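Note sheet for the following structure.
Naming follows writing order (A, B, C, D, E and F), and every chain is counted from residue 1.
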Amino acid sequence: MNTLIVIDSLPYGDWRGREALDMAFSLAAFDRPVTLLFRSAGVNWLRPGQAADQLHQKSVERNLSAATVFGVSTLIADKAALRQYRLPSDQLPEAACETDLTPAFYQQFDSVVAL
Amino acid sequence: MLTLHIINKAPDHPRFSACLEALAENDALVLIENAVTALVFDKLPLPPCYALHPDVNARALSQSSMPGVKMIDYPGLVALTETHQRIVNW
Amino acid sequence: MTQTTSLSYTLVISGAPYTSQAPQSALAFARALVAAGHKLDRVFLYGDGVYLASCLTTPPSDELNWTQAWSEFLMETRTPAVACIASALRRGILDSAEQTRYEQPASNIAEPFEMAGLGDWVEATMSSSRILYFLPTD
Amino acid sequence: MNTLIVIDSLPYGDWRGREALDMAFSLAAFDRPVTLLFRSAGVNWLRPGQAADQLHQKSVERNLSAATVFGVSTLIADKAALRQYRLPSDQLPEAACETDLTPAFYQQFDSVVAL
Amino acid sequence: MTQTTSLSYTLVISGAPYTSQAPQSALAFARALVAAGHKLDRVFLYGDGVYLASCLTTPPSDELNWTQAWSEFLMETRTPAVACIASALRRGILDSAEQTRYEQPASNIAEPFEMAGLGDWVEATMSSSRILYFLPTD
Amino acid sequence: MLTLHIINKAPDHPRFSACLEALAENDALVLIENAVTALVFDKLPLPPCYALHPDVNARALSQSSMPGVKMIDYPGLVALTETHQRIVNW
């Protein structure tokens, strides 16, 4: 049972992505295989150098850096969205890889969850 | 595995196109809530799909049905979840 | 349609009553599900969906009270319903245990909703035959 | 002080349009001039024959028919959106007229409010 | 920047704390406004914005409590803040008068927020020099 | 009357294009919250505008500034509301 958790909203504008991340961490805590997909505007979660303290929020970049520690094995970025938001591949976190979002991509997962 | 895709977002929402891109051959697509306006949205490449009748009726779109779109009610939606083991909500 | 096997379902609601249609669609689906002879294992409120569990919801008398409609359905069908505790605390939905723990002046969770962690959702992903998500509109 | 209240979300999916309509009715109740604009997906508020009882909601079509009674003088529909949602002009309520949304259109109003 | 004339403002917040950034942006703007010597006539919570007024909001201790931050600012600056009563009742935000009227088990409005009708907003459109809307994200 | 337009929606939100269409010559546009990602959004015809620095910083876009985009902080936003009598929030 391999679950794909999708984050497709921008960081800091609302709590939706954070609550999706919590789902991923919970699956990992129970040793369930989980992959995170950053789709559409969600790729902005992967941008380096976020300074959220001025918004009095915690940095989602820091939350995300805990993903592999918590056992979320793979971070995947929507390749088309990276181009759309001008985020160069070499700026992505080490754990992240790019992919084209085809039907075959989604079919690798038993379950796909996007809030 | 045959997948049932259920979408509730309006056709101009970014998730609508993401959903269409994820459809595999023989997957089923159901339009519910705001997504039923895809029945009239211009220039949308809407594949054969189902539309939830109570949502279609509320939005006065029952006259707008297209070939390839089947109307279902809630029991029909339940039936689709019986025959599809994998369900993705958009 | 002839019912061959009965399935078990978990419904996750992550849209709020007036910001989305999620609680309404989920209730219509849940009724059809039970009518078709299936088992509704549980309802899990997550994110903004926890607002559905507020017993203080007071719509005008000529509008349906979705919290009350859900409460009645859940009690009639003896379906367990939980609100994610992390989502609920942030959004001001408390049961009496959390009220006491955080020294708050009141609790406001509607019967028969209870508080639980995301572990309940993880458990559902393993044990229910189907999980459906009733999501925000936007 | 002429106010334009904008409804640009679909009916029935959420309460935003209803609460915008309440603002228009309140202005009218205090004898303030108010115009309603149905923009983008909001033009779907104007479609005839809405049957919302199956959703256990009140019909926004009926709410809207009270607009002129309450003193909301003008309903305006976004012409491009009518085409986009295939809503023919002859199906619009009598009180409604179409317009192109140019900067000059908006400049007629002292105040523009969209929720 | 040299301040020539002092203006009066009304801020309308129609986005909820965790569904939008509206309460946060509005507070930062309000602080800057007051620091610049302007008058904040009132804060008006509308639609999902009324969720900001819940005194039961209980975020984790390492996160800012936006309801509390707003309450403190409002009291320090003696700024009137009202939640639209129609929006609030639907969403389960009650003061003690509404609790009594509707025979509800509790009230949950945070000090110093009060309930008022849309008439207060109409009044603001006539009396404040500027009105700004802090809107939902979607 | 000179108008200050303030938008908080992402560039792929339908309201973003509606806002751009409503801009008159000499109107001012301020990007706040999610709208600051318009600084990097591909193929957007972004006119000269202001962007709210705390929101830009949080989203790590301060290196992405374009010619024609001025960074402002909250006091700067207050100043713009002083000099513009008409304000439209998007």
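Convention: a contact is a pair of C-beta atoms (placed from the backbone, for glycine too) under 8 Å apart; a residue touches a chain by one contact, two chains touch by 3 or more.
Predicted, not measured: the structure shown is a model, and the values here were computed from it.
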| item | value |
| --- | --- |
| Equivalent interface positions on chain C and chain E, same or different at half | same |
| Pair of chains whose C-beta contact count is the highest in the structure | C-E |
| Centroid distance [mean C-alpha coordinates] between chain E and chain C, Å | 28 |
| Gap in Å, rounded to a whole number, between the CA centres of chain E and chain B | 39 |
| Approximate Å spacing (C-alpha centroids) for the pair chain A, chain E | 33 |
| Sequence positions of chain E contacting 2 or more other chains | 18-19, 21, 47, 63, 86, 90, 131, 133, 135-138 |
| For chain A, residues contacting two or more additional chains | 12-13, 15-16, 40-41, 55, 57, 111, 113-114 |
| Residues within chain B bordering two or more other chains | 8, 10, 12, 14, 33-34, 54-55, 89-90 |
| Parts of chain F lying in touch with chain E, wherever the complex brings them together | 6, 8-10, 13, 32-34, 54, 73-75, 77-79, 81-82, 85, 87, 89-90 |
| Contact footprint of chain A on chain C as seen in their complex | 14, 46-47, 86-87, 90, 117-119, 121-122, 125-126, 131, 133, 135-136 |
| Contact set on chain A toward chain F in their complex | 10-13, 40-41, 44, 47-52, 54-55, 57, 61, 83-87 |
| Contact footprint of chain C on chain D as seen in their complex | 12-16, 55-58 |
| Of all residues in chain A, those that touch chain C in their complex | 1, 3, 15-16, 19, 22-23, 26-27, 29-30, 32, 111, 113-115 |
